[in-house]
Amino acid sequence: MCRWLAYSGSPIALETVLLEPEHSLIDQSLHSRMGVETTNGDGFGVGWYGDGPKPCIYRSMNPAWNDQNLRELAAHIKSPLFLAHIRASTGTAVQQTNCHPFRHDRWLWMHNGSIRNFAVVKRDLVLAVDPSLFSSIAGSTDSELMFYLALSLGLNDDPVAAVERMAGLIEKTAERHGIANPLQMSLATTNGERLWVFRYSTERQSRSLYCSTHFRTLRELYPDNPRIASVSEETRLVVSEPLVDLPGAWNEIPESHCGIVQAGQDELLPFQPRR
Amino acid sequence: MCRWLAYSGSPIALETVLLEPEHSLIDQSLHSRMGVETTNGDGFGVGWYGDGPKPCIYRSMNPAWNDQNLRELAAHIKSPLFLAHIRASTGTAVQQTNCHPFRHDRWLWMHNGSIRNFAVVKRDLVLAVDPSLFSSIAGSTDSELMFYLALSLGLNDDPVAAVERMAGLIEKTAERHGIANPLQMSLATTNGERLWVFRYSTERQSRSLYCSTHFRTLRELYPDNPRIASVSEETRLVVSEPLVDLPGAWNEIPESHCGIVQAGQDELLPFQPRR
Amino acid sequence: MCRWLAYSGSPIALETVLLEPEHSLIDQSLHSRMGVETTNGDGFGVGWYGDGPKPCIYRSMNPAWNDQNLRELAAHIKSPLFLAHIRASTGTAVQQTNCHPFRHDRWLWMHNGSIRNFAVVKRDLVLAVDPSLFSSIAGSTDSELMFYLALSLGLNDDPVAAVERMAGLIEKTAERHGIANPLQMSLATTNGERLWVFRYSTERQSRSLYCSTHFRTLRELYPDNPRIASVSEETRLVVSEPLVDLPGAWNEIPESHCGIVQAGQDELLPFQPRR
Amino acid sequence: MCRWLAYSGSPIALETVLLEPEHSLIDQSLHSRMGVETTNGDGFGVGWYGDGPKPCIYRSMNPAWNDQNLRELAAHIKSPLFLAHIRASTGTAVQQTNCHPFRHDRWLWMHNGSIRNFAVVKRDLVLAVDPSLFSSIAGSTDSELMFYLALSLGLNDDPVAAVERMAGLIEKTAERHGIANPLQMSLATTNGERLWVFRYSTERQSRSLYCSTHFRTLRELYPDNPRIASVSEETRLVVSEPLVDLPGAWNEIPESHCGIVQAGQDELLPFQPRR
């Protein structure tokens, strides 16, 4: 499986969350505490929004912990909205086109989890991708295919409904092939304006997913913490596992739920696959 | 496009043909004289047969000229039958799963050329792959897809007919999408016992392909050449472009033909796509 | 050998000079017209200055033409001062630590050329590096060693004198070992404020090096050229070979000269190794 | 630190010990049980002897667990004598020239451990390398430098004495710089005929090192074990940590000792740095 992190808020240098915290994402590439695998060394990626509407992505087959370019870029690049992912392959090749986040136009997408017996259902799922999007699929992972299914099923217009349809389609397809508990996913997607995160699995035992406490509350709890003081109240982090051991700082996203990070009030909605 | 080389004959160290000749394949990676591109630096691969029926493959994203492991292996590994390929990408990603030769069971396959407007016809062609083979497709190239089409269309039983059917299917599919002159291919495939090579393009202006003169003749022509003396009369090389400038040593494989290198008499047959 | 480019002026997206011109540096990685080698595919690097005093570097072993991350970064990163380099190894390993530009504190350094019979003089030259700098040498190239020699000989205080001392030391050392014409260099170095470029070789037949014409003159010559109109008059490019075929746009830096690009009037000085 | 394995005995496919055992070296790259680090993912290497006197090496920056070429080669290559190493960098760059085993002529060398405060003593140690060997140093690790020191101090003539001199030199140099407990090493070297392994640290708390029990004894202990039955009685494995949990199969090499695996009786000698 994998580990990931999504940041939305005051523009910060990427290293602030990728490298500096005690259990930063880079640290998790070697020493994940809550992942299925301790090591997440099969490549990584970062996608961030800058001046234009389209995000920039830097992805590499190297383990995140020993990639010098990542350290360089993380120290120099600032962004108000970025996704970062470290990969532990569940079988597909370690190559740049299989590294998350995936991008299509202004959308980014990253995933922790898998489709069980992917080889069995892959063909049916590939056929369900909109023909106009088909040739944009560059890699071979279940995660990227889920992205293109969601795009085919309306991600642009209604992201929550599109992901619910995608999950329903995968479950229905797997059912036809006699595969139990086919879907395991904690995923994040963004169009550069809002961030949607999902925690779901068919068996209702989903991978861990945490959201940072509202920063107004955190400032009251930790008035002397300079990192907390340095960012706006609108700042929000969603992570596979906590970056620091700070009581009260992290809230588990409930099983089968979707969170929306946006200007104004964030939202938390129940998630239900649609057939 | 690309350059390739196929060797069948007395077991030799791979470097004998990959590195040592004046215009060796490694030299062609920097200085191709007859290719569409001078540089073929988007990865490479070698596949060879040893003790078992299944060949070994070594493939890398690095340019062949600067890959130290290739030099090591080419100096130490001997084989009676091997394929080697240097790649110049026509757009698909530079990654190991896109490097030739491709392997399925005991078969190897490599290709120079392309399917025009591949993005347009890719989905239809992917659907024509036998569902049982579908999930074995690991990369994103037209060349690998051609391999899986040929496997789906009978490569195991009748290689020439299968490749003719594959070419016919591609041309028919392209025609449906209004693509003229869709197929350009010089390709080689082997099951570890026989070697089939093909030179064909829809427009009948195919990439260069040469076959070595029978070594009995070469020995008469060059009685003092130690390299020629060192290998058996059954030895045969098929190459995108000549490895050495030796008058009488190379014969162009005619347009729209297929050659079969095998124990006993080799064969040269006309090639005709089958619809 | 190698090819390189240095830019100083209005902040621009790196791709404006790395990718977009007809004979851009990326194009030169495949099709250099004036280099010793047509192909410069043994890695590359870019170093740029942003908010802080220390530059950021992105370096890779991949050929520049097929590195997806370079395209991403070049489209999104803007800088008023950057160096870019594509490498054709003269023997040392293709690895990130051998890619230019090299960095020490706020300095960047890149080089096209070589020290002849480097293996013979390397030990003596390594011993001449200041012991406090010794363990900062990360790679194995002559180019990086030249940087550490220049740093040892006063680059911080008087860059021109330091490079003249470095050249003198190399020539004296080579002479002691009986090596004729030991030094060939076109090099660039910057501290983030000024840019120094050098064209020199012991035999006085140095690699090509061009400097852009003053942009005020270029605007008069090409009043309708939007690229020329878009940057300030202070903008200056120094390149191994011209990026576009624009009469009057490029001036050869004379043999054995040093150029200084800086606020106010730029300078051109004769260059003379110091023993 | 790192993990390694040395094999001497009946020619076997490399995968027999690199991949197949429960705690194979590849498994240790992800899940080392006795190493300083759980993950050894900073590159790897294999060196083996074949027909000629000079060994072949295959080294890669990739983690061993996800390198497809390693799986291919390990399944197809057989050898009676090989070394394999997985790396966890202690700071120096992850690059091929820093991967073990290192080779010089017919010698191979690999190391687990480190020289403490290497940056402080590196210059003095580099100066102690024989000038004729100096330019053969290709990487930047303490391990490779130890190899060139041993070569400079007589490895060809008397390997045990040379390594004792090397250890003495490192300790004396470190002492001069006020560094306590400078040397930590479990190392292996071979000339293709004999294999020397060393376990030593200045503080006498050396990394784990195990030697397989004599195979005659193992056959009596495990008469039904096909793997044990398949190799000759002369077969010997030396490993950083046991490959299988088989009571009686592994013996710890004692602190400050050297083992010699050779035709006839193997030897175990006390090891003492020489000043």
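We call the chains A, B, C and D, going by the order they appear; numbering starts again at 1 in every chain.
Keep in mind that, in the parts below, a contact is a pair of C-beta atoms (placed from the backbone, for glycine too) under 8 Å apart; a residue touches a chain by one contact, two chains touch by 3 or more.
Since this is a predicted model, take the numbers as computed values, not measurements.
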Which other chains touch chain B while also touching chain D? A, C
How many degrees of rotation bring the Cα atoms of chain C onto the matching Cα atoms of chain D, given to the nearest 5? 180
Taking each chain's mean CA coordinate, chain B and chain C are separated, in whole Å, by 41
When you check chain B against every other chain, which residues touch at least two of them? 68, 93, 96
Considering only the defined contacts, which chain A positions touch chain D in the complex? 30-31, 37-39, 41-42, 61-63, 65-66, 68, 89, 93-94
Of all residues in chain B, which touch chain A in the complex? 93, 95-97, 118-120, 122-123, 126-127, 131, 134-135, 137-140
Would you tell me which residues of chain B are touching chain D in their complex? 50-52, 56-60, 68-69, 72-73, 75-77, 96
